[in-house]
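There are two complexes below, and they share chain A, which is joined by chain B in the first and by chain C in the second.
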Partner chain A sequence: MRAYVEFAVKKFQDKMAYRLDFFMGIVNTAITIVVYLCIYKALYGGATEVDGISYRMVATSFVITLGLSNAFHFNEMFLEHKIHDGSITNEFLKPVSFLFRMLAENIGEGVFKLVFHFLPALLFTLLHTKLCPPKSAPGLIAMFISVAFGYLILWLISFIIQTWSFWLFSVWGIMTIKNVFVNILAGTLLPLWFMPTALRKIISFTPFESIYFTPVRIYLGELNGSQILSGIAVQVLWIVTLGIIANLFWKRGIKKLVVQGG
Partner chain B sequence: MLLIVLKDVSKTFRDKNVLKNISLHVAKNEHVGLIGLNGAGKTTLLNVIAGVIKPDVGFIRTYGKESIIEDHQSLRKMAYLSGTRSQLWEELTVKASLQNCMNMYQINPQVFARRLEQLQGIFETEAFMELKPGNLSLGERMRCELVYALLAEPEILLLDEVLIGVDVSIKHKIIQFFEADRKEKQATIIYTSNHLAEVEKLCDRVILLHAGEIIFDGKAERMISEFSPYYRMEIRIAEGLPDLEDLPLEKYRIDSDRITIDYDKQKIETTQILKHLMKKSKIGDIRLYEPDLEGTIKKIYGGREWKTS
Partner chain C sequence: MGEIRVVLQSLKMSIHTRMQYRVDSLVATLAVFIRESANIIAIYLALLKFDRINDWNVNEMLFLYSILFLTYAFVVSLFADLRQFSDTIREGRFDRLLVRPRSLLLQLILNNADLIASAGHGTLGLLLFVISAGRVGIHWDFVTVLYYIGAIIGGILIQGGMFIVFSSLCFYFVETGSIRDIFYWNMRKFAGYPISIYHKLIQGILIYVVPFAFVNYFPAQYLLRKEDMANYPAIYIYIAPFVGIIVYAAAYLFWRVSVRRYYSTGN
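The block that comes next holds the complex of A and B.
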């Protein structure tokens, strides 16, 4: 376990070394948030509510969703590159689980971006836009747990597609399609409140809703008490399901590599 | 104790038979040199031993495991170092990679510090600690890789062409390090190379692979005395022609002032030839060629048909 925590810490420290990247990350996150907020302000056109959702709720939802999606962006071609240049076999020889090592390093990077990209961008946003405060302290804690689970779901979806590079020459195209799906179905572009009811129903059966929307709803107090628990339970269910699928592809991939020799 | 056991192992990639019926036992603390020309199957054989390639047929056990890569306890006792692939983290500094190594191999921090200092002294890697592998030259990188591999004091060490790109002075240090290790009997080493001379210094036992088959397995001295091909001497004569008829040479050719001699060290020493030459003539220039691997392979095959694939 300690080794994995250290992997995350090393990655975190490595990111600190890049000053320019650090400032550009803040600027990038801040610009994305501001642009979207402006568009929505115009769409609201002075109205206080659309479909029972206030501008302030939309703004809060956007800041959380966009901020997190910027922070949770990692190198999704990592496994493909390792397979192509053959260095994957060296990874098998390390006495740690490669899957958990990858996850730990991605988390290290994610935490760095959360603290050094998202937080400053959030403070900057607060200077000019009023956001909803958290509904309650327990709700805020539940939201943090839910964010972590949301990240795991996002990571597992990406990892599953990454494992396909054991069979496919490139997974870049599939990854791009996946990202479009995440952007639309997880509510990065348009909050899920505004989706047509039928589509919303379909999305609720996919893991995408659990990525950003569940944490947002917990934060805004749209989910309360037992609803929070069931929201998190759905997240856990998705993590287990996707984890099993990921492990299946991963084991098969290793088997293929070991038999065919890369 | 037998650490590595292979029995009738074969491996085919697409249509190429890379390994053919390899049977091999390696005991604890044995130093084995695996030599062969390019494409002989040396790296594949190491990969099979390391568990990253599964043979089509045959029996393989490393540490009693069919596939060592699934067992982290056993993996902690093995290091596989390759001149063409890196164990270091490409995106991290060498120092961070070494610290990751400490955590993965569960090395006590004090032991780690002591061991690191010792290895830094041998491989002179102090200056590279804050750099990333991409900023190092091939030789510098190899030295860092060696430090990384040796930090955990592995019981099994698989070394694949590790002297590639390393300066002569460092090469000498590396060879010295492994020679010392050979005396202390601390690790089991399998070392691949296509230089007979390197392997002779480092290993108790030599395995010669050719086209996926083991064509020699035994002591290095035996291989050299029995199968080493002829040495070659090229001499430019400044004055007076020598008489070479009464020397036990394999072959010689005189071409105006140049003489080329092929001889067998079992029959005649280099100095004997020189003494004989200097009796009658003045020597302008001498060049000596050591026997190479290709010659050795040819000689082992002897009268047999010379196979190239």
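The block that comes next holds the complex of A and C.
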């Protein structure tokens, strides 16, 4: 375990080295927040509530989702590059699990973005916009748990597609299409409250709802008590399901692996 | 005449390169198309619920967006080497051009063409145009058609000019990627909405700093005449097609001055 924490910390420090990127990341996030809040305000057009959802709830949900989606962003071509240049073979010689090392590094990068891109941008937003405070302390703790699970779900989906690079020449196209699905169905572009009813129903049967929307709803107090538990239970169910699928592809993929040259 | 032959020859080469990987090209085009559709789908879904944004309905929004895609389809092929100019320098591709008997900028423009991205953006732009153009109440006659074509060419020049400016910055700074991300890519995304909904500062940037407003908002206003145009000087909708010439000329001068600072990164 300590080795993996070390990987995460290393990646974090790695990112610290690029100061300009770091500063621009904050500016970028702040501008994005301001712009999208303008868009939602214009959509609301002066109405205080739409379908029982206040503007402030939408703003809060957008800011949380943006922060999480920033943090949940990592290099999805990692495995493909490792396979193409053959360096994946070195990874198998090391005394740590390649899979967990990848996860640890991605988490390290995510925590960096959360702390240094998102938090300053959030503070800046709070200067000019009122957001909803957390509903309750236990709710906040439940939200953090659900954020971690949401991350795992998204990471596993991405990992499954990454393993396809054992068979395909390039997974870039499929990865791009996957990201479109995530952006729309997980509510990064438009909160799921405002989706057409039929689409919303379909989304509830997919893992996408569990990524950002469950943590957001827990934070806002839209889910409480037993609903929180069932929301998290659904997340766990998806993690187990996707984990099994990921493991299957990974095991098959390694067997299939042929590295040329030497 | 010689110049035209060079242009056609280099376009032919670009197509040949892509056609070596037919299936891969097709999948990549499809992926670009779907990726760019995401924002459109989001706008469409949002307007299903909210109906209008600052009095713009869904067809008007799609029309506004279509101009961004149509112009970018040309920009991405013409200015492909300038999109990631720091890479072009780092890989030594720029050095190669220095020894050839043609203008540097012309060579950069002709050299590479990202036809995949062009096909993806172009198809989407045409599709949005076909869906929306008949439903937004534009009376298409000789003048409007001429204006529209002028606006598209102007939009290409504005964005090309911006690419040239961002590329010129590479002669002064080592890494300009994040500045370009903010000022080009983000602003382009914002230009997909009527700019009147934004904070004054952002409107100012979109009109005077990275003039995307002249790429799609003001041209669309000439054709649609929405009420929010009252916030801006009326002359802007008439000068929109010409702004491109000014931006491009200014960018070209900046490039000429900046390129003198260049000394190769190699050896």
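Here is the rule we use: the second predicted complex is superposed on the first by the 257 of 262 C-alpha atoms of A that agree within 3 Å, B and C clash if a C-alpha of one lies under 4 Å from a C-alpha of the other, contacts with A are read in each partner's own complex, and residues count from 1 in each chain.
Everything below uses one rule, namely that contacts are C-beta pairs under 8 Å (C-beta built on N, C-alpha and C of every residue); 3 or more make two chains touch, one makes a residue touch a chain.
This structure is a prediction, so every number in the text was calculated from the model and none was measured.
Asks: Look at A:195 in the shared chain and tell me whether it touches chain B only, chain C only, both, or neither; answer first, second, both or neither.
Replies: Second partner only.
Asks: Just checking: does A:89 make contact with chain B only, chain C only, both, or neither of them? Give me first, second, both or neither.
Replies: So A:89 only meets chain B here.
Asks: For chain A, which side has the bigger count of touched residues, chain B or chain C?
Replies: Tallying touched residues of chain A, the top partner is C.
Asks: When the two structures are overlaid on chain A, which partner does A:20 contact: first (chain B), second (chain C), both, or neither?
Replies: A:20 sits against chain C, while chain B stays out of touch.
Asks: Using the touch definition from the top, say if A:144 reaches chain B (first), chain C (second), both or neither.
Replies: In the superposition, A:144 contacts neither chain B nor chain C.
Asks: Report for A:10: first if it touches chain B alone, second if chain C alone, otherwise both or neither.
Replies: After superposing on A, A:10 lies in contact with chain B but is clear of chain C.
Asks: With the two structures laid over each other on chain A, which partner does A:2 touch: chain B (first), chain C (second), both, or neither?
Replies: Only chain B; A:2 stays clear of chain C.
Asks: Give one of first, second, both or neither to describe whether A:100 is in contact with chain B, with chain C, with both, or with none.
Replies: Neither partner.
Asks: Which residues form the common part of the chain A surface touched by chain B and by chain C?
Replies: Overlap of chain B and chain C footprints on chain A: empty.
Asks: Sort out for me which residues of chain B touch chain A in the complex.
Replies: On the chain B side, the touching residues are 11, 13, 44, 47, 50-54, 67, 69, 72-73, 75-76, 78, 80, 82, 85-87, 89, 91-93, 96, 99-100, 103-106.
Asks: Show which residues of chain A lie in contact with chain B when the two form their complex.
Replies: Residue list for chain A touching chain B: 2-3, 6-7, 10-11, 13-14, 86-87, 89-90, 92-96, 257-261.
Asks: Quick check on the complex: what are the chain C residues that touch chain A?
Replies: Those in contact with chain A are residues 24, 27-28, 30-32, 34-35, 37-39, 41-42, 45-46, 48-50, 52-54, 175, 177-179, 181-182, 186, 190, 193, 197-199, 202.
Asks: Contact residues on chain A for chain C in the complex?
Replies: 20-21, 24-25, 27-28, 31-32, 34-35, 38-39, 41-45, 50-51, 169-170, 172-174, 176-177, 179-180, 183-184, 189-190, 194-196, 199
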